[in-house]
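Take this structure, written in structure tokens, and hold onto it; I'll ask about it next.
For clarity, chains are labelled A, B, C and D in written order, and residue numbers in each chain start from 1.
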Amino acid sequence: MAEIKCVGILTSGGDAPGMNAAIRAVTRSAIYGGLKVKGIYRGYRGLITDEIQEFHTQNVSNIIQAGGTILKTARCKEFTTPEGRQLAYDNLKRHEIDALVVIGGDGSLTGARIFANEFNFPIIGLPGTIDNDLYGTDSTIGYDTALNTIMECVDKIRDTATSHERLFFIEVMGRDAGFLALNGAIASGAEAAIIPEISTEVDQLAELIQNGFRKSKNSSIVLVAESPVTGGAMGLAERVKNEYPGYDVRVSILGHLQRGGSPTACDRILASRMGAAAIDALLEEQRNVMIGIRNDEIVYVPFSKAIKNDKPINRELLDTLRRLSI
Amino acid sequence: MAEIKCVGILTSGGDAPGMNAAIRAVTRSAIYGGLKVKGIYRGYRGLITDEIQEFHTQNVSNIIQAGGTILKTARCKEFTTPEGRQLAYDNLKRHEIDALVVIGGDGSLTGARIFANEFNFPIIGLPGTIDNDLYGTDSTIGYDTALNTIMECVDKIRDTATSHERLFFIEVMGRDAGFLALNGAIASGAEAAIIPEISTEVDQLAELIQNGFRKSKNSSIVLVAESPVTGGAMGLAERVKNEYPGYDVRVSILGHLQRGGSPTACDRILASRMGAAAIDALLEEQRNVMIGIRNDEIVYVPFSKAIKNDKPINRELLDTLRRLSI
Amino acid sequence: MAEIKCVGILTSGGDAPGMNAAIRAVTRSAIYGGLKVKGIYRGYRGLITDEIQEFHTQNVSNIIQAGGTILKTARCKEFTTPEGRQLAYDNLKRHEIDALVVIGGDGSLTGARIFANEFNFPIIGLPGTIDNDLYGTDSTIGYDTALNTIMECVDKIRDTATSHERLFFIEVMGRDAGFLALNGAIASGAEAAIIPEISTEVDQLAELIQNGFRKSKNSSIVLVAESPVTGGAMGLAERVKNEYPGYDVRVSILGHLQRGGSPTACDRILASRMGAAAIDALLEEQRNVMIGIRNDEIVYVPFSKAIKNDKPINRELLDTLRRLSI
Amino acid sequence: MAEIKCVGILTSGGDAPGMNAAIRAVTRSAIYGGLKVKGIYRGYRGLITDEIQEFHTQNVSNIIQAGGTILKTARCKEFTTPEGRQLAYDNLKRHEIDALVVIGGDGSLTGARIFANEFNFPIIGLPGTIDNDLYGTDSTIGYDTALNTIMECVDKIRDTATSHERLFFIEVMGRDAGFLALNGAIASGAEAAIIPEISTEVDQLAELIQNGFRKSKNSSIVLVAESPVTGGAMGLAERVKNEYPGYDVRVSILGHLQRGGSPTACDRILASRMGAAAIDALLEEQRNVMIGIRNDEIVYVPFSKAIKNDKPINRELLDTLRRLSI
């Protein structure tokens, strides 16, 4: 296996808080280990359009606290074609980049996997997504920040809900995974979470409305994952308004602000450790693995495992939410 | 004029951060001045349904930092009828309440004005609304907090907008007044504000899109007041998508979270000063005035003036926004 | 073993964010399980002075987001005497309290252990301390919030450090444990952490100052645990000023604000899960154990183990900090 | 008077949040008005050492939300000498800079005044200091942010003070001016403020301790300006401990973190308006004035007036604080 002398780094897919901390950690760990680093802009698109620049330790100064990604990100259709990937490979060769670190979610790692196999090119993935839906890691970069952002928003809405004695449906991200909705509900003291993994929401809602609301409490908040499975906050609110016309029902869709903001301590530390581990993995001749964290220890998860498997919801949490919302 | 021995206090209309600081200030200033204080729950409704309780200094301990209103708030149709107001008056008499302090916005002060005239009852109003749309005061309680909440949300969305190079339309509150949208745009470095007071938005937008975006900048944010005059963020986004199909346009509606949260220093100080001034005003035999702040000094604004007049937008701000968004 | 029908709950020692979330979770889980709950004020002192009150689900409404502890806390010398503990036991009997949940740190659990043995009284401990220094649990209630508070403070100080090109020593809590200093340093992108567990600080500092500062960087931040072992921020700053008179050295001692603030999502969820688990443990006839979390699962840790053992620092983190501060 | 074609900009003295927003506003307004802009690094020192660089609109992109100053700041002894100032003047001429915008506090504007007179050089000052101690302007850039930072810190400390029932002395900045201490006390619901302008603190403290504490309240917080006149928080705490040995007295010194952080909406808007006004003033051939804000309108304040006069404390605020702390 050829020695690695220069590492390229890119962020891809939806941005997540902590991506900059990961870029910083990859860059400095690589330089600390004697490697060159090149930053690739706009994800896979920059590989194809040749937006590549050498990175020194100063390039990543004072970015650990910044949301978004200084490398920017984009979706790229061309990279799904063999011709596009060939262009990407040619550019990598021309820049003498021997290995890639790709920070992104499910789709980004799928692209990485195909490219790595096609050109026998060493790639390490870092799980960068607020949804926490990658298998093999306890947490993904950005998840803790998004969870705290959601909680802070619900704290604010609760001020109004309590003052006006209303029933609020708040929609949060998580197309395929209810981690944000379920944990956000526990963290914010909400009454229920409607998530794609569990299909009993209708009964739960009826129960919530008949027993809980206007008995011991005078306001209620329900978190809803944005998934088509749940119907979304708007759909649920409509149903409740029809079935229980007496309630003062409101909807709030948190939307894009869940992606932004300065990362939490947890996400910065996770990104820092994972970024350093990515360089370790390359130097240990690991390839085509995603860096994960399990029981507070760094693990290597083969792309095939990380992408294809569904990460299960912890049922204890559902039970806790139910007991605490009485 | 009869001596005032007992003051009732209520919050009415939409809740606003700082209402609790105002409740605390009214309560403590009254007790400091030798008066009794009674808290009335759920606005005018509590007057009619007799939800009234004596307040001591401890009742308002540790609430200065809390969003919402511990007195709760509600809309009340009955208070718009003479019969409802008679019930309210009877309850006030029975509780030996000699004067009222009403914290709320335009609608709440309109109700106060009618009631005060009808029963010759002393009422002092405090401007409590995030919209800052009351005439005769430089600022209303809650406005500065809402402005900061909007700014923090836009800061987060900008992380994503910049990372993805998108054009964002963000809808903020302000049905009749563009203060939040215009000042929010300056504070967050947005490219434009679409407000009900100025009807040139279409041209502005076209100009913004043709000149600004993708020239010196790679993302743009436009703040839109939720008013029907502006069309709202969704309406504008649709129009832009149709006319300029190349742009990656997104919409975010901030919604109810703009009302909540711990009040800023500015709002807590304003509410504290205004609450103390409300008691001063009563002791000085002022009636049917709203407490205002002008040039950092407390002023008394007759209800008729505060409610009926439109507060003008400072055109210098529009000009500043335009110059700084190049 | 006698059936448990009524649970007492108290907080003891230094307050920690999330204690209220734990009080809420214990209270509601107990009521959900058919038990009575009694709140004991001011820790063990309230047991002796009989400050005990029944708690219903409303007593813990809207407290999940509040810092501090609604049950208050105090140190209590009398509880260290057999006479004091006898008084405490008599009060428990009189109130028909069959079991206790104690939320606190090392000292509080030591008291719990003695009392439990002396009177054969069922006690469950919850680890409530910002220091994260209890063995057998990956995290303690309050640690994540304190870590984020420290990080946010350092982010602010970094603005000034960078603008003025200074060397800052920032002192954080952690008398016996460097978790806050070390993880706080990684999270805030600091250059070094001086912690009681590792005694090589002088060399590190010399190296930091000679190589790092004024070479690739123009400011530096060092986090120092407040321990006598480290000398504290003030002591280190003095030494550096003497040895390297050219530097613009400043000190900041974060102090008590590290204990306060609204808990993070992580701490609220942890406290909620642990509070619910405390009731489960009692119903499962567990006694004299601390609830811990290991690998995201609830575990029971015997008091003797939790108190007596030192929790080790993860050396990988030290290495990561060093590589990322180049 | 010679036409102005190129404006230099620098920040000087202690950094203040909003300085970057001001740099952005000056830069963009100048470019909008057809002028060139040059950024000068490290305050007056950069003038002498020739650290000067042309600024385009992109140089100030995405900085409105950043604390500190991208131009950095420093103290500069050389600039207090005629030789130093001559060097500075020569560099300005060489860079074809026709006018300066100086952002800073009292000392920085004093330097500006001397230089402007000496070389008949057009200078506009912007009041950038968290202390709010410049005469002729209702507020200075950075003051509102520092006030909110203080308030948020006191909110956190109050959690602990209330939980432990303690008396806290919290030291805030403001060597010569009590604005931060007094307004911070009102905003955070503290019991008293000890400020340099009013020398009755001892009596106030005795009264506070004898009447207020342990009567209706179980904790107290006193804000102390760091001035030698007040003795600082440490000095006052010592005195109280000696005179009232029963109290659990604690001290917290907020220190440098008061200078940092992302600016509030108020400071960003103020800085944006003032930055734009600085360019207007230059184009209107104003010289040697500080931009101020009075009654929400931009005013020009001659340097001599801004520097030499003491800004009075509003006595109504002292009275409000006293009434609300019962």
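Simple rule for what comes next: contacts are C-beta pairs under 8 Å (C-beta built on N, C-alpha and C of every residue); 3 or more make two chains touch, one makes a residue touch a chain.
By chain, with names taken from UniProt: A, B, C, D = ATP-dependent 6-phosphofructokinase.
Everything numeric in this text was worked out from a predicted model, so none of it was measured.
Counting steps between touching chains, the shortest path from chain A to chain C takes 1. Overlaying the C-alpha trace of chain A on that of chain B calls for a turn of 180°, given as a multiple of 5.
The most distant chain from chain C is B, comparing centres defined as mean Cα coordinates. Each chain gets one centre point, the mean of its Cα atoms, and the points for chain C and chain D are 35 Å apart. Taking each chain's centre as the mean of its C-alpha atoms, chain B lies 28 Å from chain D.
One inter-chain figure worth recording: chain B and chain C are separated by 39 Å, centre to centre, where each centre is the mean of the chain's CA atoms.
Residue positions of chain D with contacts to 2 or more other chains are 155, 158, 162. Chain contacts in this assembly form a single closed ring in which each chain touches exactly two others.
Contact between chains, per the stated criterion, is found for A-B, A-C, B-D, C-D.
Those residues of chain B that touch chain D in the shared complex are 24-25, 28-29, 31-32, 57-58, 61-62, 64-65, 138, 144, 147-148, 150-151, 155, 158, 162, 183-184, 186-189, 216-217, 262, 264-266, 268-269, 272-273, 276, 294-296, 298, 314, 316-317, 319-320, 323-326.
Contact residues on chain D toward chain C in their complex (touch as defined above): 11, 15, 17, 66-69, 72-74, 149, 153, 155-160, 162-165, 168, 250-257, 259-261.
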